[in-house]
Amino acid sequence: MQLIEAIIKPFKLDEVRDALQQVGVQGLTVTEVKGYGRQKGHTELYRGAEYVVDLLPKVLVEVVVADGDVERVVEAIVAAASTGKIGDGKIFVHPVEEVIRIRTGERGEAAL
Amino acid sequence: MQLIEAIIKPFKLDEVRDALQQVGVQGLTVTEVKGYGRQKGHTELYRGAEYVVDLLPKVLVEVVVADGDVERVVEAIVAAASTGKIGDGKIFVHPVEEVIRIRTGERGEAAL
Amino acid sequence: MQLIEAIIKPFKLDEVRDALQQVGVQGLTVTEVKGYGRQKGHTELYRGAEYVVDLLPKVLVEVVVADGDVERVVEAIVAAASTGKIGDGKIFVHPVEEVIRIRTGERGEAAL
Amino acid sequence: MRNATRKALSWGIAGIVPLLAPTQAFAEDTLDSGDTAWILTSSLLVLMMTLPGLALFYGGLVRTKNLLSVLMQCLISAGAIGVLWVAVGYSLAFGGEGNRFFGDFSMAMLSGITPDSLFGTIPTYVFVMFQGMFAIITPALMLGAFAERMKFSAYLSFIVLWVLIVYCPLAHMVWGGGWIAQLGALDFAGGLVVHMSSGFSALAAAIYVGKRKGYGKEPMAPNSLPLTVIGTSLLWVGWFGFNAGSALAADGSAGLAFLTTQTATATCLLTWVVIEWLHRGKPTVLGAATGAVAGLVAITPACVSVSPAGAMAVGAGAALICYAAVTLLKPALGYDDSLDVFGVHGVGGAWGALATGLFIADFALDAEVGRGGQIMKQLESIGFTAVYAVVMSLAILFVLKLVLGGLRVDEEAEHEGLDLAEHSETAYGPAN
Amino acid sequence: MRNATRKALSWGIAGIVPLLAPTQAFAEDTLDSGDTAWILTSSLLVLMMTLPGLALFYGGLVRTKNLLSVLMQCLISAGAIGVLWVAVGYSLAFGGEGNRFFGDFSMAMLSGITPDSLFGTIPTYVFVMFQGMFAIITPALMLGAFAERMKFSAYLSFIVLWVLIVYCPLAHMVWGGGWIAQLGALDFAGGLVVHMSSGFSALAAAIYVGKRKGYGKEPMAPNSLPLTVIGTSLLWVGWFGFNAGSALAADGSAGLAFLTTQTATATCLLTWVVIEWLHRGKPTVLGAATGAVAGLVAITPACVSVSPAGAMAVGAGAALICYAAVTLLKPALGYDDSLDVFGVHGVGGAWGALATGLFIADFALDAEVGRGGQIMKQLESIGFTAVYAVVMSLAILFVLKLVLGGLRVDEEAEHEGLDLAEHSETAYGPAN
Amino acid sequence: MRNATRKALSWGIAGIVPLLAPTQAFAEDTLDSGDTAWILTSSLLVLMMTLPGLALFYGGLVRTKNLLSVLMQCLISAGAIGVLWVAVGYSLAFGGEGNRFFGDFSMAMLSGITPDSLFGTIPTYVFVMFQGMFAIITPALMLGAFAERMKFSAYLSFIVLWVLIVYCPLAHMVWGGGWIAQLGALDFAGGLVVHMSSGFSALAAAIYVGKRKGYGKEPMAPNSLPLTVIGTSLLWVGWFGFNAGSALAADGSAGLAFLTTQTATATCLLTWVVIEWLHRGKPTVLGAATGAVAGLVAITPACVSVSPAGAMAVGAGAALICYAAVTLLKPALGYDDSLDVFGVHGVGGAWGALATGLFIADFALDAEVGRGGQIMKQLESIGFTAVYAVVMSLAILFVLKLVLGGLRVDEEAEHEGLDLAEHSETAYGPAN
């Protein structure tokens, strides 16, 4: 099993979730994060003082899937999250050693 | 060393933390997240418009432990976080290559 | 490639980011988390009722870097985030199997 | 109700009357410190309705990224219309004695008014201010309809023109001795002038400006119902200045207006909650808040014309009708009136104006006119106001669109939110 | 204090007096626009105490998941009791001239009252409204005791019955010429009728309904002290209407009430902060806020009976006693009065009623009665109110529990929070 | 303006005048219920300016970790100064008939004042309270300058001493018949006494206490502009009590003050927004809010001395000058006046005091003095106030630093935030 972490633009979350549902993903976890990268930030203005904000709101989607599903899931995310503009985000794929479902104690792919 | 990620129901956090303390865990990191899965969401109502909310509040607990402790820690979490109802959450176990304590520069298990 | 997770004191974020920029890191992701560890928490007081708060605000910085850069990046974080007081935080290093840039579909180190 | 009759006359309530020239005190008029105290208080209450009342009521309902833009639009109404009113607005509304449709510029910059001038029993300056606060809140009411998408420059231009072209003339027709006053239609505190005018204009603007991106697809839940509840509360509290202050005296008439306002509002809130509970299974906070505002709107024109029981009827009716407008009519027709300005102010204002005739109490009824006759007068004024507001608003918006090259922000700005795109600010700083 | 004596009489303050029939104006009474202006203002101030004052004071103290439920309970009190008061409440409290325990239905729907009716020097409608705002806030005060667990339907039923069975009779006994008025116990603005009645009823309800799940184990820190501070501030501001408005005139008596209210509150705030600083090492914002409210509660019955120095004594005493009740008594006894309604309103109200006797100024003391005599009268009224409130509240809750099949939400709903479970809403939308 | 002349006299406006002894009513004085109603209302409005107005205005601008500390500093001013005012402050300001610099202790604990005492046409107790609310807000205005770093104990000691040594004497000099009154400088509602005194003292304190750690390096964006907008709004609403209430009557003079206050504020808001739009490309909410407050400050001394057009000039000038002070002067000089107390209150107050002379209307001008002569008097009073406030504040702070072992919290506490370090509380609880 592998953990797919996708950092995407916040307003793309709904589309990504729909896309994942369509490729059979049944669960995922979402975190609000801030991202710094090539994308230009914005300037805020308070009584003439300028604050450059270059940590921009992003959403981190985490999905654990069976090894065989990784490619399909990654493609689905890329397709749904892409706008073609800088700052669309990244996907990181990590190994997972074990998965446990708390409710039942099931392990491995059965626990997904 | 391994990283144990547990996604649990928010109101179980205190119990999980106590359980972890009892099996000797001395540090952990907690994030507020939202989870989507088999658990049914709820409906919100604003002037007659219905919004189905199926991203539910969850808490992500991260603990890095020595390889030998993984099983004990997982069991402690399962025992403390389980209510037997859908949505109790998952535990993911990942490999960790290195741990560093920032304050001292210590590495490996000594840094935990 | 590897994922470096650094849990640091919130007010150190700016310094860490500067340090990372100086060693050539071009992107990172930041999450607000709470940490429990050796560092003593504080007590809050509401109409005489005391609440001990031992989950303290921390910031989690995630950076994915090429294998060869790990050591340099870790050292930069340690140097920037350290105050020498308990609670400075930890760095965890994880393996990453794949990285994809959503905008372009690029993979591997080119996607960083 | 000693003073009420004369007041009623001066407000053009009882048919064609000898009109009061605002700059000249009645020969017998002397300043009454109690009346003055109450209208000073009422004036600041009506400002409080806009700032922070309406600002929070609306501000809580948009998405966080547009929260400041709503607050800003309320602030700028107080600034721009505040200046405009003293410069020319008051004169356009209350000058031009005898004109049927609009005033004139004879009192521009309040020329001719001194600290000693009286309007009835209060200083004319106080009357100018009381009315000025109405002129500030009325255009701001509209912003809920096109919230989350209109350019700030377009909004500012729109409300300035709208006050000159729609509000001041209507105020003149109804309260300044114009044709609606002469007709004898009743609108004590602004069902037509304030609520219908803004509500119908808002509908036109919402449709003309177009829907928000993602409307009907993305969830657009309120960012903060606590802010909305604070806003509702302060609207309610301030509305006593609006309605009971319109008596221009601290007398029985003000007492009646206070009582009917409170009673209609309580009834409408309660009825709305009950309807929602029966219809959707849950009583909601936003339902209660909306019910309160709908009740306040509906009783506004009627507040010195109905008995306590009549006020309950006005309030219960407002709940039924506005609930239907907001939850059934809007989705059926598909327009994006973001915060239901039409459903609450347009529909509620029209209902209130009609209900003023339907439930008019004996003590307020002109026997010669009769209930049926009064209802016809009310309908005539309702129809006129609706058409006038819609036509004029569309004309203004049409011109502005040409001049400004569009009324709404571009798509990216709408995504990012108006706070950053238009004002370079965010509502909330970092958590620590 | 020209009017104060007559006022005092009509409010039943000086022993057995010829009672005023609210529907009939005194022969010599004429409307005073200044008095009317002040009571109109006071009435809306007392509404502001509930909305948004109390709503925010309490709303900030619960957990986020229950915040809306608190706001909703305040809104519905304004709605339901607002209607009830006009329908029958006013008549039950102020009708039935000569009755010792409760009024009658003679003025249901305010029958017999017209815009011209006077009560003293103000329109009767204004008096009805001023009193109506008291009837709205009093039951809402109780909700803090059983917050975060009671069903909305149970709450709504409870407050309706409670106003009919507890509040209106007590108002009649004290202000409507009933036996406490005849006894000569002093309760100018509602130490007994408002604060003790709600505070003791709240204690009974908190115990009867039972503790919150996790009480004493899980932390239940306030979700937003800024909201609580806004609420405290608006309670303070509005309370001048409550206390100084109870003079029913804008005169020296109102001035005295204003001054003692401000002085006692400032003293209590300061004393509370100092006690906490000494006792726990830190002065807290919630301590300052609680101290302010405790001072306001305590001075309520005493506000025209004490000198400035007396007001300081009342305030300092309230800080000591309420601090002890909240931080020592409650943990010792172990009941879960979520937001300390008993500790602040019950205990503070009783202290205030007693202190009215203890610190009564010469100008307010009936020489024939004497300080000692007055203290005895105060104690008698305190004892009666405590017992009456507790017994009646328990009786109402007992019946409701049977009828509604339980007073509290189920365990899952309590976990999830009342906002979602009872109202299908959440206080705050998504961050963007 | 029947009463205005006498009022003007008693407030020392028209040169050297027979001074009014506050404890003795004029022989011909009788209570006016309308005037009393308005000053009762004004008094609570001025309290509302501090709580919650100023508390939120400032509270929204600091970082979340210091939000409660700001609220606490406002609360404790109401508590501590509230007590102090009744104990000795009122006597120090308004006692000591004939003294040029300060009053005396003859009315300590309000001795000699009864509920029947009159001050003009209102109960003396009401005058005491109206003035007391000014004494509460003025020291609290300063806290914005040294926010986010001063110890609570140092703040509390500072404001107590400051009220005794700076505020009460200045109030005596200007309003209590002291030398500035005798000179004939005009300061109707407190440009010198309230705004310049606090603004200049604040600058001195900000510099003496030193900059916040990280100032100029770390971003210190406001934690909540919505709170700041609520605060601004309630300051605006309450300011009508401050300015129009200073007429001590509900008359034409109050009407004029109301109108000029509203007009200058609207103009200043609008001008500030336009300047910012032109200068920086975006109109901001914080700019609008700051503009509103600057306008309110500037019109305060001038509000019964200028025409509507003059009010616009005062407001537009305030926008230009305060904008420059805040966005150009402060960065140029490099001091850390956290929330721009000097730029808005110090500079705005001085401008307003000068503008009172520059734009004085014919009806307010003393022909013998002439505009030029009036301007000189204004300049003299401005210079004195600036020097007096700065010197005395530095003296107080110097002593306190010795006595308390430092005025600011240690570095770790500054990092952690004052809320936790000084009050053991956090503004917001956990999200669920």
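Order as written gives the chain letters A, B, C, D, E and F; numbering starts at 1 within each chain.
Throughout what follows, a residue touches a chain if its C-beta (ideal position, glycine included) is under 8 Å from a C-beta of that chain, and two chains touch if they have at least 3 such contacts.
On a predicted model such as this, the values are computed, not experimentally measured, just so you know.
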item: Any chain in contact with chain C as well as chain D; value: A, B, E, F
item: Homomeric contact chain A-chain B: same or different residue positions, threshold half; value: different
item: Pair of chains joined by more contacts [C-beta pairs], D-F or A-F; value: D-F
item: Separation of chain E from chain F, taking each centre as the mean of its C-alpha atoms, in whole Å; value: 33
item: Inter-centroid spacing, chain F versus chain B (mean Cα positions, whole Å); value: 53
item: Averaged-CA centre spacing for the pair chain C and chain A, given as whole angstrom; value: 18
item: Residues of chain E touching at least two other chains; value: 32-35, 37-38, 41, 221-222, 230, 250, 280, 282, 284, 286, 424-426, 431-432
item: Multi-partner residues of chain A (each touching 2 or more other chains); value: 11, 31-32, 44-46, 94-95
item: Complex interface listing, chain D residues touching chain F; value: 31-38, 40-41, 43-44, 47-48, 51-52, 55-56, 59, 67-68, 71-72, 75-76, 78-83, 86, 109-110, 114-117, 122-126, 128-129, 132, 152, 227, 230, 250, 422-432
item: Chain C partner contacts - residues on chain E that touch it in the complex; value: 219, 221-222, 276, 280, 282, 284, 286-287, 290, 326-328, 331, 340
item: Residues of chain B touching chain D in the complex; value: 44-49, 51
item: Chain F contact footprint on chain C (complex, rising order); value: 11, 14, 42-46
item: Sites on chain B touched by chain A in the complex; value: 2, 6-8, 31-38, 55, 58, 60, 74, 77-78, 81-95
